[in-house]
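For reference, chains read A, B and C in written order, and residue numbers begin at 1 within each chain.
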Amino acid sequence: MNVLRVILAVPEAVVVLAMPPLLMSVIAKTKARFAGRVGPPWLQPYYDLAKLVRKAPVHSRTTTWIFRAGPIVSLAALLTVALLVPVLTRGTPLGFAGDVILIAYLLALGRMFTVLAAMDTGSSFEGMGAAREVTFGAMSEPALFLSFVVLAVAGRSLELGRMVGAPPLGAWGPVGPAMVLVVGALLIVLITETCRVPVDDPATHLELTMIHEVMVLDHSGPDLAAITYGAALKFVLLGSILLHAALPHGGLPAWLDPPLRIAELAGLAVLVGVLESSLARLRLNRVPLLLAGATVLAGLATVLTLMRSTA
Amino acid sequence: MNVQAAVDIVLVLVILLDLAMLAVSRLSTLVRLFAIQSLLLALLPMAEGLLSGTMPGMHAVEITGGTIGIKVVLIPWILLRIIRTGEIHAEVTPFLGFAASLFVGAVLVAASFAVSARLPLPMTPLSAMLVPASFSTLMIGLFVLISRLKAITQVLGFLLVENGIFLFGLMLLKSMPALVEIGILLDVFVGVFLMAIVVYHIRRTFDHMDMDALSELEGR
Amino acid sequence: MAPILVALPLAFALLCLAVPWARLRVVLLVLGTWAHLGAVAWMWVGRPVEWVQVSFVGLDALGQLFVTLLSVLFAATSVYFAGYEGRTAVSQRAFLACMLALLGAMSLVCVSRHLGVLWVALEASTLAAAPLIYFHLGSRALAATWKFLLMNSVGIALALLGIFCVAVAAGGRGEALWLNRAIVRPLDVDPTWLRVGFLLALVGFGTKMGLAPMHAWLPDAHGEAPAPVSALLSGAVLNAALLALLRVYHICAEAGQGAFAGQWLIVFGLVSVGVAAVFMFGEADFKRLLALSSVENMGIIAVGAGLGAVAAYPSMLHVMHNTLNKGIVFFLAGLLGHVFATTRMAGIRGVMARMPFAGVLLAAGLCALCALPPFGTFFSELGILMGAAQAGRWVVLAIFTALLAVAFVNLASAVVPMIFGRPPEEVTPAPAAASIAGWRRHTMLTVAGLLVLLAAGLGAYQPEAVRNALAQAAESVCRPGDDTAPVATFAEVQP
């Protein structure tokens, strides 16, 4: 790794880490536009985070260290993932062959600690949320993995940074239909993992219908800030994987990448906002069908890709 | 985008529609999905002509026209009419849950790809995906036939089987006399028409369309 | 000439739709079927074998045999139907038109020279037969119709896939589907796809033929349909599917896959005979019992055809006699159903005592079904057994014999009490007996009696022409190989 690369990585890291709350703001603004409102100020998520960080956390006496570790481990896992996922440029700071598996497991680790922290409170609502989170997580993971398989076969690499976007539009030639399916599957995974509308409603007020929100009810202050920021970061990371797979910048000069990717992420946020405004939330018992659909899409894509690569 | 890629995408869409038909619960949506699938299939004989660089022949035009007329317009119209006359029972009642059927469907699709990889064709088809797509449609049709109880979903299962065979038959486009193709289409149409009449009578007699009740024959 | 066989019944069907008087329509049905029989007879005496080939239709020996059987059965049934009374749920006009259309469609099956046309005709025959089953009102008839329609349509659809596979096996060349230009050089054919094609055709046509694992629709349809329609289903519709299967089998045999195809025919045949034999035990309904007997007989024919050239001749003989026998027993079942007002065997007792003539006929029918000597089925089954022995298929021979014995016992023990048993006290002589007019009963009995005479006559003595026709048909199923000359050895046991 040369010095220039390191120097260039610093501003990139700053942008990547600073961007997530802004994207949440984009989603909120889009939804507000659809509802005919002005919406909160653009920087509102940053104000919220700053306010939360300044507060002192309150911990229930029934909780143990797991409750305190939960948000920190989750955020740490996501930050590690951020080093492995190409966001603004084509390379990744820490990429190595096989890092896709680490990425998937880091995401799972973060989820596990969130769930454990929720169960540690002993509240029945949070236990219920934890059960749902685990169920849906377990059902979306096959879709994620199968998508990775397709990308790995298409990109002939096990390193995420090389898998996605590396082959120019060539990836779309022979395995074109498969890529369409993978993008569909990844979009569903993104929506599930970031708790967006057809699956989960981040703005709901009813504990009974919550999935993610109900698990973090007992967190406060900096812990809650970590969780909120982590959720936004997750959106950026998974969104980046999706965008790099869907829109490889093969023929374009490298310096165009960062501005284009930022614009694309914003576009994705708008898309999610539009989806949230136009779709009704699915009944809880229909969510598994959606996730099964994602898995089937990814599975079909796998079959297609394998057929092509062996033929 | 060249014709070959378009054919591939159409075939993938056909498979996706098969799978979607396993996940959808409204009968009318099911019928519409079938109509869309048939429309996609109807376009393929045209692609055959385009692919070989010539204008589609009279034969292909006939098949496309016949398929659109019968499978895209007439049959869905009949089925939608039947469904609309009994608004109460407009949902599918499967043996197996939707998610489970979807997984079975995915396994069937994978199996179709595996089987067709084992059976090398003695000729070059329209696309390498033609045979797998045909087998998938066929198998999912058979699966719908055995896993769904309503008479009308069974009709749709039969139609899916038909569509699968139509796909397979595309390989023989040049060697099948047009008379035979039209005869097949007419048979399917009359068959569905008769089935629709029987479904209508079944509903009048049993007051619902569950084939479960028809098992009384066995208890005799 | 051959197109006339198809056009004639269809023309009469249209006439039937147009004519406003119910009586006249029945007359038209009889006229139509007898005109068809006349055309067939003219073919037999007129020109021997080289028929004019009008691209899609034409006659060969096999088609000629089947179309003749079809025509005889329809002619008998139409007369019988004139005596058969019953309220129809579908209008009588549509019913009769469907019957004639069925005759037309099945004639097309017999004379088609292209597998695609054959398929279209076969599916058309399913569609024409479906309304016939919905003759009696009610939920059971409806359910039976539904089962018949759906299972047969799906089965036949699979057979279409099988036909496509055969064409693909020949490299997509359309000639493979023309029966008169059969594949000559086995090298040109992909064996895997041909096998796949045959298996699909076996399952598909086997569904319509009533071969065992796919026979679920058959007892229901036969049990619910009125007796004349049951006779047509058993004697003609199953034969049409059998013919289609034999056509595909012939292509396989020509392409060097005869052994493989025969193997599977034998497996399905034995399973059919076994399933039918077992399920006959404990069947309470007479017509359903007869339907199971149809399954058994189709199984016997499949085994015979599967054995190859050594048993092809007796198989064709069995096809002929089975058609006649099915006419006899279903006609009697219809009559008894009228007289006793039930088709349940427990309610039909002492036929011999009440109606001696019908009793004698029923006994004869039973003998024919059980393959007892005066009837041709004895010779045909014996021939198939001898063929199995000749081919050295001892396992097949053993299983086949055992299953036939079981079927014999079950069938006889179910039917004998009907003939000789004492009428149970609680069953009063059905009021329906008085309500059928004498001429109706006489018509039905006469038709059945004439068929018995025909069957027994053909069993005891075969004219040269019939024997030649059967031999030629057998040859066009499976050409005798270099092993032996089976027809010669078999002719020794023939009277």
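One rule holds in what follows: contacts are C-beta pairs under 8 Å (C-beta built on N, C-alpha and C of every residue); 3 or more make two chains touch, one makes a residue touch a chain.
Predicted, not measured: the structure shown is a model, and the values here were computed from it.
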Original post:
Whose C-alpha centre lies nearest the centre of all protein C-alpha atoms?
Top reply: B
Original post:
For this structure, which two chains have more C-beta pairs in contact than any other pair?
Top reply: B-C
Original post:
How many angstrom lie between the CA centroids of chain A and chain C, rounded to a whole number?
Top reply: 66
Original post:
If you average the CA atoms of chain B and of chain C, how far apart do the two points sit, in angstrom?
Top reply: 32
Original post:
What whole-Å value do you get for the distance between chain A and chain B if each is reduced to the mean of its CA atoms?
Top reply: 37
Original post:
Which bits of chain A are touching chain B when the two form their complex?
Top reply: 173, 176-178, 180-181, 288-289, 292-293, 295-297, 299-300, 303-304, 307, 310-311
Original post:
Okay, in this complex, where on chain C does chain B touch?
Top reply: 56, 114, 116-117, 119-120, 123-124, 126-127, 130-131, 134, 138-140, 142-147, 149-150, 153-154, 157-158, 160-161, 164-165, 167-175, 177, 190, 192-193, 196, 220, 284-285
Subject >> Of chain B, residues touching chain A in the complex >> reply: 5, 8-9, 11-12, 15-16, 19, 23, 98-99, 102-103, 105-106, 109-110, 113, 117, 128-129, 132
Subject >> Complex contacts: residues of chain B adjacent to chain C >> reply: 119-123, 138, 142, 145, 151, 154-155, 157-158, 161-162, 164-165, 168-169, 171-172, 174-177, 179-181, 183-184, 186-187, 190-191, 194-195, 198, 201-202, 205-206, 211, 214, 216-217, 220
